[in-house]
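We call the chains A, B, C, D, E, F, G and H, going by the order they appear; numbering starts again at 1 in every chain.
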Amino acid sequence: MTKVFTRPKSLTDKPFHYCPGCTHGIVHRLVAEAIDELGIREKTIGVAPVGCAVFAYEYFNCDMQEAAHGRAPAVATGIKRVLPDRVVFTYQGDGDLAAIGTAEIVHAATRGENITVIFINNAIYGMTGGQMAPTTLIGQVTATTPYGRDPGKAGYPIRMSEMLATLEGSAYIERVSVHDIKHINQAKRAIKKAFETQLAGKGFSMVEVLSTCPTNWGMTPVEALKWLEQNMIPCYPLGVKKEGK
Amino acid sequence: MTKVFTRPKSLTDKPFHYCPGCTHGIVHRLVAEAIDELGIREKTIGVAPVGCAVFAYEYFNCDMQEAAHGRAPAVATGIKRVLPDRVVFTYQGDGDLAAIGTAEIVHAATRGENITVIFINNAIYGMTGGQMAPTTLIGQVTATTPYGRDPGKAGYPIRMSEMLATLEGSAYIERVSVHDIKHINQAKRAIKKAFETQLAGKGFSMVEVLSTCPTNWGMTPVEALKWLEQNMIPCYPLGVKKEGK
Amino acid sequence: MSKVLMKGNEAIAEAAIQAGCRYFFGYPITPQNEIPAYMAKRLPEVGGCFIQAESEVSAINMVYGAAGAGARVMTSSSSPGISLKQEGLSYIAGAELPCVVVNMVRGGPGLGGIQPAQSDYFQATKGGGHGDYHLVVLAPSTIQEAVDLVMEGFDIADQYRNPVMILGDGMLGQMMEPVEFRPLSSKRELPLKTWATTGYTGDRPRNIINSLFIDPQALEEHVKRIYQKYEEIKKNEVKVECYNCEDAEIIVAAYGTTARIVKSVIQKAKREGINVGLIRPITLWPFPTSTFEEWAQREHVKAFMSVEMSMGQMVEDVRLSVNGRKPVYFYGRTGGMVPEPNAILSEIKKVIGGVSR
Amino acid sequence: MSKVLMKGNEAIAEAAIQAGCRYFFGYPITPQNEIPAYMAKRLPEVGGCFIQAESEVSAINMVYGAAGAGARVMTSSSSPGISLKQEGLSYIAGAELPCVVVNMVRGGPGLGGIQPAQSDYFQATKGGGHGDYHLVVLAPSTIQEAVDLVMEGFDIADQYRNPVMILGDGMLGQMMEPVEFRPLSSKRELPLKTWATTGYTGDRPRNIINSLFIDPQALEEHVKRIYQKYEEIKKNEVKVECYNCEDAEIIVAAYGTTARIVKSVIQKAKREGINVGLIRPITLWPFPTSTFEEWAQREHVKAFMSVEMSMGQMVEDVRLSVNGRKPVYFYGRTGGMVPEPNAILSEIKKVIGGVSR
Amino acid sequence: MCMARVIFDEERCKGCELCTTVCPKGIVVMARDRMNSKGYHPATVIEMDKCIGCAFCARICPDVVIEVEK
Amino acid sequence: MCMARVIFDEERCKGCELCTTVCPKGIVVMARDRMNSKGYHPATVIEMDKCIGCAFCARICPDVVIEVEK
Amino acid sequence: MTHQIIIAGFGGQGIMLMGQLLAYAGMLEGKNVSWLPSYGPEMRGGTANCNVIISDEPVASPIVTEATAVMVMNRPSLDRFEGAVMRGGLLLVNSSLIDKKASRDDIEVCYIPANEIADQLGNSRVANMVMLGSYIAKTGAVSPAFVIESLRKALGPSKEHFITLNEEALKRGAECVKECVRR
Amino acid sequence: MTHQIIIAGFGGQGIMLMGQLLAYAGMLEGKNVSWLPSYGPEMRGGTANCNVIISDEPVASPIVTEATAVMVMNRPSLDRFEGAVMRGGLLLVNSSLIDKKASRDDIEVCYIPANEIADQLGNSRVANMVMLGSYIAKTGAVSPAFVIESLRKALGPSKEHFITLNEEALKRGAECVKECVRR
C-alpha cells in the first residue's frame, strides 16, 4: 500500500493550536500542499499575521516572519524586494487584512507586488474573542455588535476581492470556500494558482478563503460549515475576480 | 447693475496661499458656493487635510478641524457621530486620501458614513515638493520617480472613485475636472449633489476633482490645464461612478 | 448606592458612561476587550454611539473629531495599539482637546505577550509621541480607584483641555472587585466648551481645532502656553498615597497593581520586624516629586526602591525626585511576570543589609 | 578622497549607500524630503530598491521585512511620521532586527511646524513605542559627523541586532557643508546574518523573525537577554565630546545643532572672560552618564545647564547623571525657534551669578 | 473489495466531527469510549474494509489527523 | 451693447493667466505695465464695453480675484 | 480571617463562575473580596483557573500565592496547584475526573466525586456547584444562601428553574464533604 | 577671518544658488564653510534667504545673526535684513528692484543695478551673478575663478555655454562695485 494522503512536508510536526473544527487548519494544509507540489519550500518565506494564525510561523516548515497586525503585505514587500527570486506569501485574517491592514493590502495590490496573499475571511475576529470584522454579515451578533450588525451604524460587509480586483496591479484574485470537499479541492487549485502567478512574475495574487470560526460563532464545527455555505456565500460570491494578462 | 458673480460668503476674506494657477482655489470656491446655495454654512463643519490645503481652515468660513495626514475621514466620523444633524465635509489631496489615508477613506465609505468628501487628485504631492502620489501617471517624473513612474517598481495609478464605488456604503461618487468652464460647472453640480446626498441622509458621498499642480508639474498654469485634459482624463475617466438608492 | 462586583474593564467602561461619556471609538486588543464590548452594549441604551474603528489610528482620530465637536469621548487599547495612537495623541495634546484614553498595558516590546506589565510608563509619561507635550496619567490600583479616576479623569481633561490617560494593566482589567459608582467628592467648575466646532452661527468667533503653527514663534508661544497649563496641573492635580512611611527604613515606590503586591509585602515585612514604606504615585504625570523629596530628607529613610513590572522606568522619576539624597534601587519583573511578594521582600532585605552595612 | 559640498539630507542618504544600504522605504515629509528623493535617484544606479510607501506605518514594516531578510535598510521621516512608526520600531527592537531610522526633528506637538526642533528626545531615547526596549540614538552635530555616524550606525545595528536612530533636525538636514565619505576608522567584526529569513534549505535551523512570546516567562527571558545586550552597548558605544571643560565654571549640555550654537557662545564667553564648557552627547542613548558624573565631581564646575530646542527633555538625563552633585539648569527654545547665542550667554551669566552668590 | 486504510493520529484529534460528515461510506465515527490526553473523543473508523481510500475525511480534517493508504 | 463689468481685486491676482484663456471676447489680458505688492502682473480688462458678463474669467480664477456685474 | 482560594480545571467546567459566585457571596456578606482570572490566548480547550480572596481586611494583592484552599477539577490542575496550598490548608479534589491521590501530608485533602454527584442530579454541568458546596461547608467562607443569591444575579430572572438544581448541588457537595479524610 | 553672509530675495532670483556657489568656492579655497537656507511651506512666490559662512576656523553655528555682509535682491529683504549687518559691515542692495535707500549709517552700503546689468547682458536671470561679482570684488572672500569652477560643477557639462555669460556677469558686478559709496 502506498500513502495516498499524508502530512505535507511544508508543515512542521507541531499540532495546531486552533479550536476544534476551525478551518484555519484546512487552509494551512492546502497552502503547505501547494508549496510541496510546486517544490518551492526551500525558497518560500511566509509572513504570519496577528490573529488566530499568529503562530503560523510554528506550523509552516519554511522561513517565516511574524508581522505586526495588518502589516503583513508591507513586511512581505520588504522581503520580496530584497529577495526577488524567493516566493513570499502572507496569511491574514479579515481583521488583519480588511480592517487595520486596509492600506497595506490595497497598496501591495496596486503596486502589483509580486507576492501571494492567503486571506481568511471568517466574518469575525477570532483571536480577540469574537468582535465584528469588516466582513461580518448584516445582522450577525458579535461581541461588538451585540444587537446584530446594523449597517446604519457599523457599516456594510466589505468585499475585499472585488475591491482589490479594480486595481491594475492585481494579477489574480479568487474567492473560494472550504465548507465541503468539492470546495476544498477548488480552494487548493486556487492557492496553487496564486503561487504559480507569483512564480510567473505576474504580480499580486490573492485567494480569499471563506472560513469558519465555530468558537466565536457559537456553533459546532459541523453547523459552522453549514452556516458558511448558507449565509456567507450569498454575501461573498465565489469565483475568480481577476485574472490578468 | 447687480453682481452676477461675487465671492461666496462661505469663504473668508483671506487670500489663498496656493501657487499661481493652482486649481485648489477653484475647488475651494466651488465648495463655498455649494454651501452658500444650500444655505448650510452655519451648520457645516469642515475638516482640512495635511497637504497644500492644510490651511483650508483659514479659508472656509465655517467651523473647521485640522486633521492629521490622511485621517480626515476618521475625524469627520467623530464629528458626525456627535452632531448627526450638522453637515460634515473633508477636503483631501491624493496623498492624504489615496496613500496614508487609504484605510480611513475605505472604511468611512463602507460604513456609509454620512459625510461628504472633496478629493483633489492632482497626481502628485504638492506641499512636500512634488513626490509621487498613488495617482501619479505611468511615466510621470516626480521627485521620487526621477526616471518616470515605472509600474513594475512603483505600481499603477489608483482609481479611488472606482474602487470606493464597489463598496455598499458609498451613496454617491463622481469624478469631475476643472480644466475648463464646462467642467468647472459640472464639478460645481457634483459638489452640490454630494452635499445634497448628505443632507438626504443617504450615506457617503465623494467628488474626485482632477486638478493641477503647475509648480510641481513644472508647467505654466495654462499648460497644466491642458496636460490635465490630455493625460489625466484618459487615465481617470470622468463621470458618476456610483449613485445609490 | 450599593456595590457591585465587576471586572475592571467593565467597571471602567461603566464609569465613563456615568461620567457622561457618550462616544467610544476603539479597536479590539487583549486584555481590554471587555471595554469596547461593554460600550457596544451600553452606549446605544443611553443614546450614545460606539464605533469599532478600522484601526487604533482611526480610533484616536475619531476621538479627535468627537472631542473637537465638544463631546466627552473615550478610547481604550493595550500597548501595541497605544503605540499606533501616538501621532494622534500628540495632535490631541497640540490641539488641546479633552478626552480619556485607557491603556491596559501588556508585555512588550513588539507583539510581546498579553499578560500584565508596566513597561509603557515611559511612553505614557514622557510623551510617546513627538513634540513637547504631556498627558495627565492616572494609575489606579484597585477597581474602585479606577472607577473614581475615570470619572475624575473626564473632569480633569475638560478643565485643562488635555488628554488624560488611565494606565492600567491586564490584571486590573481582568480582575473583579466590588465597586460603587459614586459622585465625585470634589465638584469642579468646568469651563464651557465654547471652542468646540458645533457650527458657526455667528454668535461667537469661528472655531478652529488645530495644532499647526507654521510660524515658529507662534508655535513656541502656543507650546509655552500649554506648559503654563501644565504648571497649573502640577500644582493642583498631584495624587499620591503614602503607606506606612513613618518610621520606614526603606520606602518602596510602586504604582497600580504592583503597589497592591507591595502592600502585601509590607504586611509580611512587618511581621518580620522590618519597617517598609510605600509611596504610590496615583498621578504618574504629574509625578509626586515633592512627596519623594520630603521623605528623602527624613533621617529614618535609608533608601528607596522602585518596584515595577518593567525593566526600570518609573525608577528614573524616583531618582530625579530623590536627587541623590538617598540611594535608589530597582527591582522589577517584566514581560507579563508579576513580582512575587517573597522575591520583593528578599530584595528589600538585601538593600537594608547593604545600606546599614 | 576629496570633499564635496552637500546638503545634510543628501549626505546622509549617500552615506547610507556607501555603507551598503540598498533598500530604502519612506514617505515624504518636510524637512527630510531630500533623503527619499536622493535614494529614489541613486538606489537604482547601485542595484538597490527604493519604495515610496503608502505611509510611515507601511514604510517601517517594509523595513522590518527587508531587515529580516538580511538587508541593510533605512527609512527616514520627521516627527509626526516617526510617531506613526512607534509600533513598528517596538516590533523591530523586539525581533532584534538591525536597521537605521532617521528623524529630522521638527517642531511639535501635532502638526506643529516644519522648523528645526529637538523635542523628540524623549520619544527617541526613552522608547516612544510600548514595552521595554531602546534604540541606539546618534545625534550628529555637523554633516561630516552625520555621514560618519550613519555609516557606523549600520555597523552598530548589525553588531547588536538593534535599530539605530539618527536624530537630526531640520537645520542639519537642510544646510550644506563640505563632507568627505571616508572609510570608518574602526572596523568591526560583524556577525554573519545567519538568522535572516532567506529560504530554509536545511543547512541551518529554520529562521523565524518574531517578537511574540505568549509565555510570560519566555518573554521576560527574551527581554532580559536584550537588556544584557544593552549593557554591552552602554559599555562599548558611548560617544561624547567634551569641549573647553577644563577650568569651566559652568558646563553646558547640548547636542546636535544646538551644540554648534553653544560653541559659538563659548567663544563669545571666552572673550568676555567667562569659562564655559560643553559636554556634547553624541550618543543620546546610551547617554554619556559617567562623563557628567566625572565633571560633576570637579571643584571648578559650579553648575550644569542643558540647552535644547525643546521645553526640557535631555535635561532629565543630565540631572540623572549629575545626581544632585551640582545644580542643573535648563534653557530652551522650542517650536522651531533656534536659541540665540546672546540669549544663551545671558542665561549662563544669570546662572553664574546665582551660583557664586 | 478496495484495499485502503486510514490511520488516525488520535492524539492530534480534537473531536470536531467534520470527518464523519464527509465519508461517502459513513464509516468514520467518534470513539465515544476513549479520550485523548487533550480530553477529546477521537474520530476513528469502525469497518476499515469498507474504506475506499477517497481521503475525504483527511481532506476536511483541520488538524491533519488522518493519513490514507491504498 | 451689453451692460456688464468685471472688477479685479488686483492685489489678490497671481498672474496665472487662466482668465485670459477663457474669455470668449478675448478682452482679459495681463497688465504688463504694473505689478502688485506680491510681484505679479495682474490681469485686467482693456475694452470693458465688450464684456458680456459671462463670468467665465471669474469662474476659472483660482484666487477669486474677479467680481462680475451686469 | 482571610480566605485565599485557587480554583482550577478545564475551560468549560465553570471554573470562572465558581470563583465569581464565591466573590459575590463574600461581598454580600460585607467582606472585602477580589477575583482574578488567568487569561490566555486560547479560545477553547485550555485550562482555566482563578484566584479568589475573601477577607475582613482590604485586599492587597489579588494574587494568591499561598492558598488557604485549592479546588482542582481535573488532573493537570492537581499537578499544577497542589503545591500552592499553604501548610495546614485545604485541598479539594474532584475525584470523578482525577484518579490520582494528592501527595502532600501537611494539608487537608478531600476527595469529592463532583461529576458523579452532578450526574446523579441529572446534569453533569453542576459539578462545579457540588465542589463549591463542599468548599463552603468545609470552610464556612460564605453562606450558601448568598451563593444562591449571587447565582440568581448571574443567571438572570429567566433561569429561575436552574436555581433549584444548583441549590441541590450545593447541598450534596456539602453533605459529601463530611466523609473527607485528613491524611 | 570669518565671512558671515546673508543673501535674500524673491524665490526664483537664484538666491540659494548664490549662497551655494560662495560656499563651494570657499571650500575649494580650503576654507571651512557652511550654507544654511531658510525653508518654508510655500512652493512659489515666497521670499528666500540663506546664510553662508566662510571661515579659517571650523564653523560653529551655521546661523548668521551678525553678518559681515548682506546682499538684498528685493525690497522686502532690505527691510528685513538691513538690521542684521554688523557695525562696520557691508550691505549690497539690488538697486534695480529696490528704490529705497538703506537707513543705517554705521555700515557700508553699495547699490548695484543688478537686473539692469543682467538685462544688458541679455539675460535678466544672471542678476544674481552680478551681485555676487560685486560682493566678491568688494570683500575678496573667494576668488572668482573658484566661483566659476563651482558653477561648472553645479550646471553640469552640458551647460558650458552659460559659463561665459556668468563669467561676464561676475566681471560686470565687480566693475560696478567700484562706484560704491560709503555713507
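The criterion applied here is as follows: a residue touches a chain if its C-beta (ideal position, glycine included) is under 8 Å from a C-beta of that chain, and two chains touch if they have at least 3 such contacts.
Since this is a predicted model, take the numbers as computed values, not measurements.
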### Task
Could you tell me which chains are in contact with chain A and with chain F alike?
B
### Message
Quick check: more C-beta contact pairs at A-C or at B-C?
### Response
B-C
### Message
On a CA-centroid basis, which chain has its centre farthest from chain C's?
### Response
F
### Task
Would you mind pulling out the distance in Å between where the CA atoms of chain B average out and where those of chain D do?
38
### Query
So what's the Cα centroid distance for chain B and chain F, whole Å?
26
#### Entry: Where chain D and chain H are represented by their mean Cα positions, the distance between them in whole Å
35
### Task
List, in ascending order, every residue of chain C touching at least 2 other chains.
30, 49, 51, 54-55, 57, 80, 87, 91, 95, 110-111, 114, 210-212, 214
### Query
Which residues belonging to chain B are in contact with no fewer than two other chains?
19-20, 54, 66, 68, 99-100, 102-103, 106-107, 111, 127, 129, 134, 154
#### Entry: Multi-partner residues of chain E (at least 2 other chains)
14, 40
### Query
What part of chain A is in contact with chain B in the complex they form?
99-103, 106-107, 110-113, 134, 151-152, 154-159, 162-163, 166-169
### Query
Which part of chain C faces chain D closely enough to touch in the complex?
57, 79-80, 82-84, 86-87, 90-95, 105, 107-115, 117, 119-120, 122-123, 126-133, 210-224, 227, 310-311, 313, 316, 319-320, 323-325, 333-337
### Task
Flag every residue of chain B that touches chain D in the complex, lowest number first.
50, 54, 66, 68-70, 95, 99-100, 102, 125, 127-129, 131-132, 134, 143-147, 153-154
### Residue numbers on chain C that touch chain G, as the complex places them
3, 5, 30-31, 114, 170-171, 174-178, 257, 260-261, 263-264, 267, 338, 340-342
### Message
Taking the touch rule as given, give the residues of chain D at its contact with chain A in the complex, in rising order.
### Response
23, 25, 49, 51, 53-55, 57-59, 61-71, 73, 87-88, 91, 95, 197-202, 206-212
